[in-house]
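By written order: A, B, C and D. Residues from 1 in each chain.
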Amino acid sequence: MRSHTAKLRQAFHIQLDPTAWPTRGLSPINKLLTAAILLGTVNAILETEPLLAQPYQAMFAAVEFWLGSVFAAEYLARLWSIVEERPPGETAFGRRLRFIASPAAVVDLVAVLVTLVPFFGINVMALRLVRLLRILRLGKLGRMSAALTLLVNVIKSRRYELFVTLALAATVLIFGASALYWVEGDLQPDKFGSIPRSLWWAVITLTTIGYGDVYPITAVGKMIAGVVAIAGIGLIAMPTGILASAFSEAVRNR
Amino acid sequence: MRSHTAKLRQAFHIQLDPTAWPTRGLSPINKLLTAAILLGTVNAILETEPLLAQPYQAMFAAVEFWLGSVFAAEYLARLWSIVEERPPGETAFGRRLRFIASPAAVVDLVAVLVTLVPFFGINVMALRLVRLLRILRLGKLGRMSAALTLLVNVIKSRRYELFVTLALAATVLIFGASALYWVEGDLQPDKFGSIPRSLWWAVITLTTIGYGDVYPITAVGKMIAGVVAIAGIGLIAMPTGILASAFSEAVRNR
Amino acid sequence: MRSHTAKLRQAFHIQLDPTAWPTRGLSPINKLLTAAILLGTVNAILETEPLLAQPYQAMFAAVEFWLGSVFAAEYLARLWSIVEERPPGETAFGRRLRFIASPAAVVDLVAVLVTLVPFFGINVMALRLVRLLRILRLGKLGRMSAALTLLVNVIKSRRYELFVTLALAATVLIFGASALYWVEGDLQPDKFGSIPRSLWWAVITLTTIGYGDVYPITAVGKMIAGVVAIAGIGLIAMPTGILASAFSEAVRNR
Amino acid sequence: MRSHTAKLRQAFHIQLDPTAWPTRGLSPINKLLTAAILLGTVNAILETEPLLAQPYQAMFAAVEFWLGSVFAAEYLARLWSIVEERPPGETAFGRRLRFIASPAAVVDLVAVLVTLVPFFGINVMALRLVRLLRILRLGKLGRMSAALTLLVNVIKSRRYELFVTLALAATVLIFGASALYWVEGDLQPDKFGSIPRSLWWAVITLTTIGYGDVYPITAVGKMIAGVVAIAGIGLIAMPTGILASAFSEAVRNR
């Protein structure tokens, strides 16, 4: 007969470990934690906006503090309940050490520490970088959905074809950029005055974004750009076709 | 033997209820009503244009008035003939009450009321909002086509994969926006001075729209933008591939 | 035994009628005529360029005259040899009358007449319109390829799904345009001051073109634009998925 | 029993000829050569940038010199070891002559010579062109992947359908450009003043790039642009659907 403490520990384990939860979907506590991660991300994003940072300074700090406490409590609860993991037959200490060293737990610990760090007076510029890491908490969302596995498998099964498409795209990029460097390099030196400068134009054209900060102005340059533009359609159609056939195959095999 | 009134009511019901019409396609009266809805939408759209509103004020008002009358007559005819609906075995009053409470009938009633509202002297700014609701009449077009069901089923059958793609896109958006906020936030504070500001750039880049109001100007910023741009191609290819395989499967099962 | 004239007429018929040509591809004379049509189109396009029109006036006119003569000769040869068409059992006059009235022959006749028209001194502005019709000669290219039939059948087999996608796109367009008219109509009256003006923005955004002549400047407007932008990806993915599955089906049935 | 020289020659052949390498992937020496080709391309690209060319002149020249030596040694090693190629039964001289004349070896020789050429004092402008040829070294990457064959076969198997799609796109381009030349040619003569000028707009619109340097300003022009924009979606969806079905078929046949 197990003690009350062990029963509570097991209950925590079932709540916290997505693989231990018996029914489909996430446990209530993991749903709350997911919401907390999303709220933390929104908080971190909005905090950077000067128009909001000043009037709502206190609110942002409070949300940050409370989320930090929640993530700290979650971390300790996981560390405590991890020994319930199946199969048994390992010391509690060894299992906890393995947990601390696991990538997911490192991300969790970072999520906790970024909240505590400001209290130690590190300068603002460096904090900006650490704050970005907080968004890694979103990585936890990946646990939520089994569909991600399908997407990853589909991409993996066609990695060679997708890589060749990328290589073809790179070749078109380099040749297109070189051609425009040669044709318009002297006319628009700040835009096409070197192949690296022309590559910016080539990427934004081949992906059909077209900001309009750089474009050819000569007839020959426009003809080359037209060819790159039409090649761009092909380089969108190719990976789409590859992925579509891979999805069809994956669905048939399921 | 049914009375003449009941026969007329049944004729109206067959004309007005798309599921009661015996042959394929819409009944003549429903075709006319569809045309009236489209005309009403065009009328509402053109009426907002100042260059047209002044010279053609009377015409817009007349079209609006006549369409309002048509929709009012349609509403009353539906309310009257709804008791012919199969299966029988409910009181006429109960069936009519159920009709009035149905979402489609509420949209119909709104379509009638927005025309009558101006006569009660509500101010212009509030009317603008109500006018937008009139476009909801287009929702009726959905009845016309059975193909919509296929599209909806295809999207539903892949809702998890599409959601994961959306979540991946959101992750790329947040990381891309954060990276450019960090790299160019000080150089272009009005464009990349906060993550919410950078998100505008990230959305317009990832969807390959590229207005050109915001773009990176440093070498590092352009490299990050290039990665986001190429990721954008993947995030267009992914849902397309998912939908293509879902359509293939739906067609095979049909 | 057929006369020499009849033999020549039959040879002409086999050369001119693509369905009479025994082997795959086009007959030598039809290949030359296709090249002449393409040359005529290029000539008509380049002739409109002021920088080329003045120095090369005589060359453009000469090419135009010679192509006109070729098309006139072709027309007469077709009219003469059409009586060889299988099955026999119609008067030569009736068959020729039927040929003259056929849409393809009307296009051919227009192709001949547009060249002769300048000699009758019609003013330049009206000629511009007629010149556009010359490009219709390209319609002949459609005869060349049997693959066109597959494309047309694929689109026909999914016409309802594609129409529903178009209707959904139109709904997104109207709602998006209305929302921005309401949010930014007063701030940018020349760009969002009416729903028709906003529709220009909505079309250029939903198709992911994004010229950058019109874009929202408020936070709310940018959020709505972001939703329209993401919907735009869906409205590109949808018809692509529909066509991909239709092509797969058509290829399996072949 | 073969001599030590012949054994060394065979070892070189196995290392250098991708088809002779017994296991999957590239041999260690070919991996190093691929890296050298990529490094040479990056070096050639960065060398064109004025901000880098001056401070790092010596480094660029050194990398270029060492890569040139590596490629020269590779060329001589291939020339020496080619006689080991199976099947035997040809004189060593004839086999080497055949190697020198092969397209791959000509590309290799050009890769070596472009490095030596600067020492002979050819002017800078002409060198720019030769430098572009160096990027052809990337053509060697094609050997690396068997997936390229699948892509090429898929495109070949649908070449007629893809050509018809391209022809339809060209027709839309010419008609769209002609329409805008006619509507806005007098209003924006530098942008729509001739069909060739309008074609630049049409290509950038149909491929959904939309730089924003050219766009219609009249209501009629905007309507035509909207139709071209929606046609552009179709012309992206069409080749994607064609390729997707071709990939599905190729995968089923494998």
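Of note:
In this text, a contact is a pair of C-beta atoms (placed from the backbone, for glycine too) under 8 Å apart; a residue touches a chain by one contact, two chains touch by 3 or more.
Just so you know, these numbers come straight off a predicted model, no measurement behind them.
Placing every chain at the mean of its C-alpha atoms, the farthest one from chain A is found to be C. Between chain A and chain B, the superposing rotation on Cα atoms measures out at 90°, rounded to the nearest 5. The mean-CA centres of chain B and chain C are about 32 angstrom from one another, to the nearest whole unit.
Each chain gets one centre point, the mean of its Cα atoms, and the points for chain A and chain C are 45 Å apart.
Annotation for chain A: residues touching 2 or more other chains are 196, 199, 208-212, 236, 240-242, 244-246, 248.
Chain D meets chain C in the complex at residues 160-161, 163-165, 167-168, 171, 174-175, 178-179, 181-182, 193-197, 199, 205, 208-212, 215, 219, 222, 225-226, 229-230, 232-234, 236-238, 240-242, 244-246, 248-249. Contacts from chain C toward chain A in the complex involve residues 208-212, 240-241, 244, 248. In the complex of the two chains, the chain D residues touching chain A come out as 41, 44-46, 48-50, 128-129, 132, 135, 138, 141, 145-148, 150-151, 154, 166, 169, 196, 200, 203-204, 207-213, 235-236, 239-240, 242-244, 246-248, 250-251.
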